[in-house]
Every structure is written in structure tokens, then in C-alpha cells.
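The structures come next, written out as C-alpha cells.
Each of the next two complexes has subunit A plus one more chain, namely subunit B in the first and subunit C in the second.
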Partner chain A sequence: MRQSVRIVSWLYALAVYGFIFLPVVVLVLFSLQSTSFPIPPFTGPSLRWYEAVLSDARLTSALVNSLLVASISSLAAVTLGFLCAWGFARFVLPGSGLLRGLITLPLTVSYLIIGMGLLVLFNWAGVPKSLLAAGIGHVVINLPLCFAIIYSQMGDHQINIERAARDLGAPEWKVLLLITVPVMAPAIFAGFFLSMTFSWDEFVISFLLTRFDTTLPVEIWNLLRSGLNPKTNAVGSLVFAVSIVLVVLFELTLLRRRKT
Partner chain B sequence: MTAPLVDIRNVSHRFGQLAVLKDVSLRIEPGSYTILLGPSGSGKTTLLSILGGFVTPSEGKVFIRGEDCTSVPPARRPTTTVFQDYALFPHMSVGGNVGFGLRMQGVDGATRAARAREALALVGLAAAFDKKPHQLSGGQRQRVALARALVIEPAVLLLDEPLGALDLKLRRQMQDELKAIQKRVGTAFIHVTHDQEEAMALADHCVVMNDGRIEDEGPPERVYARPSTRFAATFMGESTILSGTVAEAKGGTATVATPIGSVCVPGAAQAGAQVALAIRPEHLVLGANEGGVGLGMAKISDVVFQGSFKRVLATSTVDAALRFIAKAPASATVQTGDTVAISCQAGDMILLAN
Partner chain C sequence: MSPAGDNPLPRAGSALPRAGRALPWALVTPALGWTLLFFVLPFLAMGFSSLTAHEGGGFTLGNYSQFFANPSYWQAMVNSLQVTAIVTVVSVLLAYPFAWILAEQVPERWQRLALMLAVLPFWTSYVVRSYSWLLVLAQNGVINRALTGSGLINEPLQLANTRLATVTGFVHFFVMLLTLTIFANLKQLSPSYRKAAADLGAGPVRTFLHVILPLTLPGIMVGAFLTFVLCIGDYITPQILGGNNELLMPQLVMMQIGRRGDFPLASALSIILMAVVTVAYLACARWLKIERA
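Let's look at the complex of A and B:
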């Protein structure tokens, strides 16, 4: 009886993980296909499609664009999120709870709605569709996230540390730069890497707000319109690999935080 | 007469509706070790925060070295604070922590390191320069916090329950060192505590606070021997309190009617006034009554052996509300349940207005 329960639970776990990871496994597997169609039977392994991706100027420039948009927009989001969190944690503001709720509200709004809103707004303001516009969109979606992460880690125990710095003669900007930022570094890095992850594979906002120069997910979508081929698998695998690296960095910074 | 180093004039403070300081005035002399002693909620920590510049008082003025510092921010006043939780910068080395104040003054790196090492040597931690705060024990962190505050040579050093987080043995040891360091640097220390032993051991000037007011202040010996209020008599050391009414007062002697009979004590009072007589435990005599003032019989409710003496609690057989706290020699043969005569010398009874 107990034996069969064990077997069933193992099967169940296998099914759950299979359900989650099978699409990715198939994607990565057929990116190593040596023939021209990403369908069984598997004919690889071969790296010819990765070569094709890296020699495709459109794809590589989209990849560089994606990295630029992700890193710059994340930097902006984490800076603004940190300042918001510090303001809310250290000063008594009227309607603090309501304002904090408003800042985190975009987390619950769909990217499509945010993208459409920005499209209408930029159209009206005369801002052309561009990587900059998409980057601003990414700040809009990632700022609430950075704020939430950093605010949750900003406890009262740091208040005395900041006070001590002021007491020893530090002006406010030095307190922030020399004390608060280094003490909050794990949360700040965690916010940054999570923002990078979300910006890196964000599609809808980039699709709506860019035109000629575009980001990698949009370029992949363009590629997919001409049908499936192992090249799309290869570039998809690359996107996935970068995401994994970013998530691991995020986890590591959070883990280090918990240990200290 | 030199001007006081710190002059607190009629300071009151309220947190919302709650008055935490009520018209407090206090002068602190250069080079003195002042202890603010009181139970939690007495306003002692708020007074320290006002001195440090973290709180601006609702009313009153604070002068430091003759300058009005009432609303000067902490960074620009000649005080530094040692926080109760030490508040060391966790990401900096011990040397970086101690040198921080000098760095803010624009002192160059080499001078900074040399002076930080000096300050660390002063607190006996010369070897810890390159360590991180989390590698140190509680007592060592305490010393780093002290060195960090002293290195910028403040006019006044403020210590907020600095020994509160340490265990008893370490506390007594740090207590001796604090006093020694204070004597060496000659800076005025103002130290907040609720521990009366700490207060008696360290203070040149002891300020007893209760409910937002100063109850008594002066040298600890005087505050202990002749407390000026009933609160000071019970908070700074223990006392047996005998309540009564002044029946007659003349020639520096008052006759007080108490539940255990009439007692004559030296002191000035108005006839008819409600008063309290405080007697220190070491002045109560158990058993034989020779030439003292008899305080009636009492039934011993508890005897606690304390090593060098026995702490005896007894209840008067005349008035059950009267509880005696006495200190008997370690060799005394008193036992719980015994009924003994209690007496003391008239001169050891402290007459306090109620």
C-alpha cells in the first residue's frame, strides 16, 4: 500500500515537472537539430542554427538592443524604486498607505493595457515609437516591483545606523550613498536582476512601442511569422539561457541577504 | 564661576497628547560623568535625544558651550551619541566605522587611520582595526561604538543605555572601563540607565527622573544618603517607607504620628503635614533594641541569602500595610516566620514631604 502511494506520488511529481519543463526541453532539444525542420526525429546534435543566429545581423542587433533596454531601464527602475522606498520608510507622509498602494498598482495591470496606454500617450505627446519608448514602458512595469522588494527589506533596524551617520556629521546625500545604499545592497541587486529578467523577455510593450530598431522577443515574433525552423528554437534557447542566469543572480543575492 | 557646559532650561516635550518631559532644567559641568536614572517612561531617553539633536523640544532651550543648540541638527552640534544597539555600519570595517566621523570632516586617509587606531587602543581594541562588526562580540561592538563617538572629540558624549544589552558580568566590567576612559579623555559623559547600581558606580552627578520630571539630583552619595523625594528613596536603592502626619515641629525636630506610634526625627516640617519617613535597609536593626527608635514587632516573611548579607522582608504586626526591608549580617540567625523587634537610629530616618 505504502509502496504504491510512493509510486503514485513520484509519477505525479514527474507529470507536474514534465508539464512545466517539457516545452522548454523540446525547444532546446530541437535547436540542436541538424536538418531544417524542428520536428521529430531528432537528427542532431549540431550547432549550425546557433551559428546562423549569431551571423544574422538583425537578430544580433536585436539582442544588443534588448540587453541595452533591459539594463538601462532596470537601472532607472531600481533607482526610482529605492528612492520611493526610502521616502516611504523614513518619512511620515499623508496618506502613506494609499500612495504605497498606488505605486504597486501597476503590478496588477496587464502589460497590454500599460502598453496601449503608453502608445496613446506617446502618440499624443509626439514621442516616436522607439527603444526609448519601450524602455520607459519597462520602467513603468518594473518600478513597482523594485519598490516592493526594497521597501519590504527596509526595516526599522537601519534607522539608528542612519542616525549614527548623521550624528557623526554626514549630510543627507552621504548618508544615502555611504550607508543606506550599501546596507540595502542585496535588496537593490535583487530588484535589479528581477527587473532585467522581466524586461529581457517582455514582448507586448516592446511590440507596441518600437518600430525599426526593436528588441529580441519582437524580432523572434517576426521570425516566427515565416514559419517554424530550428533557428527560432536556437534564439529562443538563448533568451531562455540569459533569463536563467538573471534569475539565478536574483536568487543568490536574496539568499545572501537571508544568511547575514 | 564658570559657565556650565550644558544648560537645559525649562524643557518640556510632548509626543502628541502625551507629555514626556515637564519643565526640566539641568546644568552639566565640563568633565563630569552624569547619569540620568529612571524607570522606562520617565523621559530620560527623550531628554538624551533632545541633547543629541534627534528631537526638538516642544518648549524650552538647550545651550551647549553657551550656544543655543535647541534646533541645531545632530551633525552640527558638538555631541555624539553611543546608541543602545551600537548602530555600527555593518558593511564597513571597524577602522572604517571609527574613522567615519573624521571622513565626514574631510580628514585625509592616513591621519584618519592613525587617529582611528589611537581611539581603538584607548578602548582596548587595537587589534580589531581590519575586522568587520559581525566578527566582534557584544562587548567589543560596544567599545567600537564608543571609539567611533570619541574620535571626533565631542564636547559631550551621550550614551543611551550603553550596557543594557550585555550580560551582568560584562556589564560590571564595562562599567569600570567606561569610568576609566571618561577620566582619561576628560569629556563630559551623559549616560542614561535604569540600573541604580550602574548609576551609583559611575556617576559624579546623578539625576533621578520620574514621570517627565527630575526628582532629585546631586552626587550619588548624597542622593542615596539623603534622597529629597519619596521616589528617589525607593528607586535609588531600597527603602522602608513609614507614612505619617507631623504632630509637632520645633527646633529642627519633628514628631511624626505613624501607625506604629509617635516617632521623633530631625528635620523641618509643618505641623499637620503628611510626610513619609524613609529608612535604608542597612539602618534597620533586627532584635535587641538599644537606644534606638522602636518600630514595633514584625513577622519575617522572607529571608534571601545574598552572599555578604541577608536581605530580610518583614511585615509589621501592628500595621499589615507596613513592609520592612532590612539588611542583616550573613551570620544572622533570622528565619522566615520569626517575629522580631525592629528599631533604628532617629538620625537615619529621612523625613520626606509626601
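Let's look at the complex of A and C:
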């Protein structure tokens, strides 16, 4: 009985891993195709499509745009979220529950609707489509996330450290910068990292709110119009590689933190 | 959620005699202002826009009545609900046993690695992941080549640009998401529950059905609701994998903006979609509360 459960478990797990990895393996394998269709039979390995990607100015500038939008909007989201979380966790404010609900409300609305709303508003206000507009949208989706993560980690044990600093004569801004920020660093880092990945991968808001200068997911979307193309495979594999490096780095910093 | 939930000490506010009233508001106002300006106001603008006529402006309910009058719009909502329901059920059914195996059958020290591997493709770009499935399912793709090559079929199957392709792409994403949430749920269960069940004479099957499953049900509901919300609002997967043979709601919305520049109708359709999600949320929330009582 026990033995057969084990065997069935292994087979099932193997099948699910197979399902999860099938498209990724196909993606990476055919990015090394030497002919111009990413379909069997495999004709590689060749790096010509990676060269094509790296020499494509539209793709490389979209990559830079994506990194800029992701880092700046995440920085804004984590700063606003942190200040707000501190305010709500440390002070008694009238209507606090309601206001906290308002801050986290965008989490329950799909990106498409957030993007649509901003498109209608900017259209009326005469704000042109731009990376800035997309960045504003990214702060809208990531601010509630940063707030929720940081707020949930603001325990009462940290209050005492802040209190001690105040008793020793530190002004509020010093308490904030020298005590609260270092103590909350793991939560702040987690919020920033998650915001980065969501902004980096976000498509529909950028698609609606940018025009000529755009982000990488939108540029990849434009590539898809040419149908199946090994160049798309190469760009996808590169994005995948970058993400894995980031995730591994994140895991390592987290593990090191836990050990010390 | 509340960090000061069951703390007997007085709230910190009382310990801040020098702070005054201005500081706390200065802390929360930027975030509140951002949310009001770029989330609430756009939503109101969308609501206002949905009540104006596309040609010439002026107040009208026509955008909403159009949705109920036009069978192809109505059909998009039916398609969306069907696809989302299928995706949610299939994903939960696939992910639960997988999460259980990871939590129970895999040795403790390999679990973290096993879980990381299971969600690795999660980190590719969302657009690229849908495209990858297109490679697998295309007319000359890997599956069709394997099937024709082995002589199982003579003509390649139509796999891409079908509802099956959309569902496959979605399930792939949500199996990973649900595996994460259900795994976390299973790990949180205290082992003493299982010991108690065993002491009372329950076998592994009965323990699972009467103890483990009911205890993880609220977690499953949360995961299923998340799946529902993310799935019904997604444009990328149905557009890339399903094509235009059968439209889902987000595709219909984008079509109004892209092809016709009809913001009022797009706004009305978005609001209808949001209303459906809200109804699902209310139904779900009530169900969860009954579950806890």
C-alpha cells in the first residue's frame, strides 16, 4: 500500500513537472535553431537569433525602458507604501480601517481595468501616452502590494526600539531613517523585489498607455505579429535567464539573512 | 493583518506626545492621494465615459443596453465564465495532489528545491509563456510532429487557436500559483492533527478526507478565487492561444479600443466585467464565512 502510493506519487509529480517544463524546454531549445522556423526538426545549435536580438535596437531600447520603468516605479511604490504603512501602524487615525481598505483596493481589480481607467482619464486630461504614464499605472498596482507586505510585518516589538530612540532624544525623521528603515529592511526589500518583477512583466497597462517608446513585453508582443519566429524564442530565453538569476540572488540574500 | 492585533500594550499613538496630528497625515497622504488620483478618479472617469454616447457625446445607457442586446457581446461573457470555471476547477484538481506530494512525500530537505523547480517557469515573461505554448501546440509544433511521427494520426490536429489552447495556457500558469498556496497551507497544518486522527483509529484515507482536506479548504477557496479573478481579466493568454475564433471579455474590451476607438463601450464592458467579479467575490466571501463558523 505504502509502496504503491509512493510509486503513483512519483509518476504524478513527474507528469506535472513535465507539463510545467514542456513549453519552457521547447522555447529554449528552438531559440538555438539555425533555420528560420522554431518547429521540429531541430537544426541547431546556433546563436544567430541571439545575435539578431542583441543587434535589434528596438528590443534593446525596450529592455532599457523596462528596467527604468520597473526600478523607478518600484522605488516610488515602496516609498509611498512604507510611509503609509508606518503611519497606519504607529498612529491612531480616524477611519483607519476604511482608508487601509482604500489603499489595498487596487489589488482586487484586474490590470486591464486599471489600464482602461487611466487611458480614459489621461485621454480627457490631454496627457500623452508615454513611459511615464505606464510608470504611474505600475505604481498604482504595486503600491498596495508594498503597503500590505510592509504593514503586515510592522510588529509591536519594533515599537519599543523606536520608543527607546525617541526617549534618547532622536527626532522623528531620525527614528524613521536610522531605526525603522533598517529594522524593516527585509519587508521593504521583499516589496521592492516583488514590484520589480510585476512591473518588469506587466503587459496590458504598458500596451494601453505607451506609444512609440515602449517596454519589453509590449515589444515582444509586436514581434508575435510575425508568427512563430526563433528571434522571439531567443528574446524569451534571455528574459527567462535574467529572471532566474534575479530569483537565485533573491533566495541567496534571503537565506544569508536567515542564517545570520 | 493588523500588526497590533492581540497586544495588551497600549497603542503606539499614545506614546508619541511630540508627534502632533500633522505627522501621521503627512505619512499616509501621499499614498492615499496617489490612490485617489490614479485609481479612484480613473474609475469614476470610466464610469462617466460608459454613460456617454460614442458619437457626439451626451448621456445614454446605450452602451450597457448594447451588451444585453447584442448576442455576440453576451456570448463573450458566457465564454469567459465557462473558460474561467474550467480553468479554476482543473487547476485546483491538478495542483492539490501535486502540492500534497511535495509536502508529504518529498523529504524535508529537498522540499524547497522541489518547490522552486515547480514554479521556475513562473518567472518567464507572461507573454513569452503563452507564446511557448503556441510553439508546442502549433500545426507543425512539437505535439503534432510527435503524434504524426509515431503514426498515431495522419493529419495534424487543430490545437492552437482553440478553447483547449487557452485553457492549457491558463492551467499551466495557475497550477504553479495554486501549488504554491496549497503547499503553504499543507505545511501550516500541525502534525498533531494527523497523530490525533491516527490515535483515534483513522486510516490515511479517512485522515485525509475528514481532517486534512477540510482544514485546507479555506486556503483552496482563496487560491481558487485568486485564479478566478486573474483568469477572467486576462487578455494575453486568450489572444495569443485562443485567437479570434472565440472572444473572451477582455478581448472584446480591447477590440473596442484598438479597432474602433470606442472608449465609452469599452468602459461599459469593463464595468460589467468588474461587476461580475464583485458578485463572485461576495458569493465567495459568504461561503468562506459559513465555512469558518
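Rule of thumb we're sticking to: the second predicted complex is superposed on the first by the 240 of 260 C-alpha atoms of A that agree within 3 Å, B and C clash if a C-alpha of one lies under 4 Å from a C-alpha of the other, contacts with A are read in each partner's own complex, and residues count from 1 in each chain.
Here, contacts are C-beta pairs under 8 Å (C-beta built on N, C-alpha and C of every residue); 3 or more make two chains touch, one makes a residue touch a chain.
Only a predicted model underlies this, so the values are computations on that prediction, with no experimental measurement involved.
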Subunit B versus subunit C as contact partner of A:K174, first or second or both or neither: first
Partner chain(s) touched by A:V140 [first = subunit B, second = subunit C, both, neither]: second
Contacts of A:V183 with subunit B and subunit C, given as first, second, both or neither: first
Subunit B versus subunit C, judged by how many residues of subunit A each one touches: C
Subunit B versus subunit C as contact partner of A:L228, first or second or both or neither: second
Partner chain(s) touched by A:A89 [first = subunit B, second = subunit C, both, neither]: second
First (subunit B), second (subunit C), both or neither touched by A:A165: first
Which of subunit B and subunit C A:S34 touches, first, second, both or neither: neither
Overlap of subunit C and subunit B interfaces on subunit A (superposed complexes): 163, 166
Touch list for subunit C against partner subunit A, complex: 1, 3-4, 7, 9, 11-16, 18-19, 23-28, 30-32, 34-36, 38-43, 45-46, 49, 94, 97-98, 101-102, 105-106, 116-118, 120-121, 123-129, 131-136, 138, 140-142, 145, 172, 175-176, 229-230, 232-236, 240, 250, 253-254, 257, 263, 266-267, 270, 273-274, 277, 281
Residues on subunit A engaged by subunit C in the complex (per definition of touch): 5-6, 9-10, 12-13, 16-17, 19-24, 26-27, 30, 37-40, 80-81, 83-84, 86-93, 99, 102-103, 105-106, 108-114, 116-121, 123-124, 136-137, 139-140, 143-144, 147-148, 151-156, 159, 162-163, 166, 172, 197, 200-201, 203-204, 208, 216-217, 220-221, 224, 228, 232-233, 235-236, 239-240, 243-244, 246-247, 251
Subunit B - residues contacting subunit A, complex: 52-54, 73-76, 79-81, 83, 85, 87-91, 100-101, 104-105, 134, 148-149, 152
Of subunit A, residues touching subunit B in the complex: 157, 160-161, 163-171, 174, 179, 182-183, 185, 260
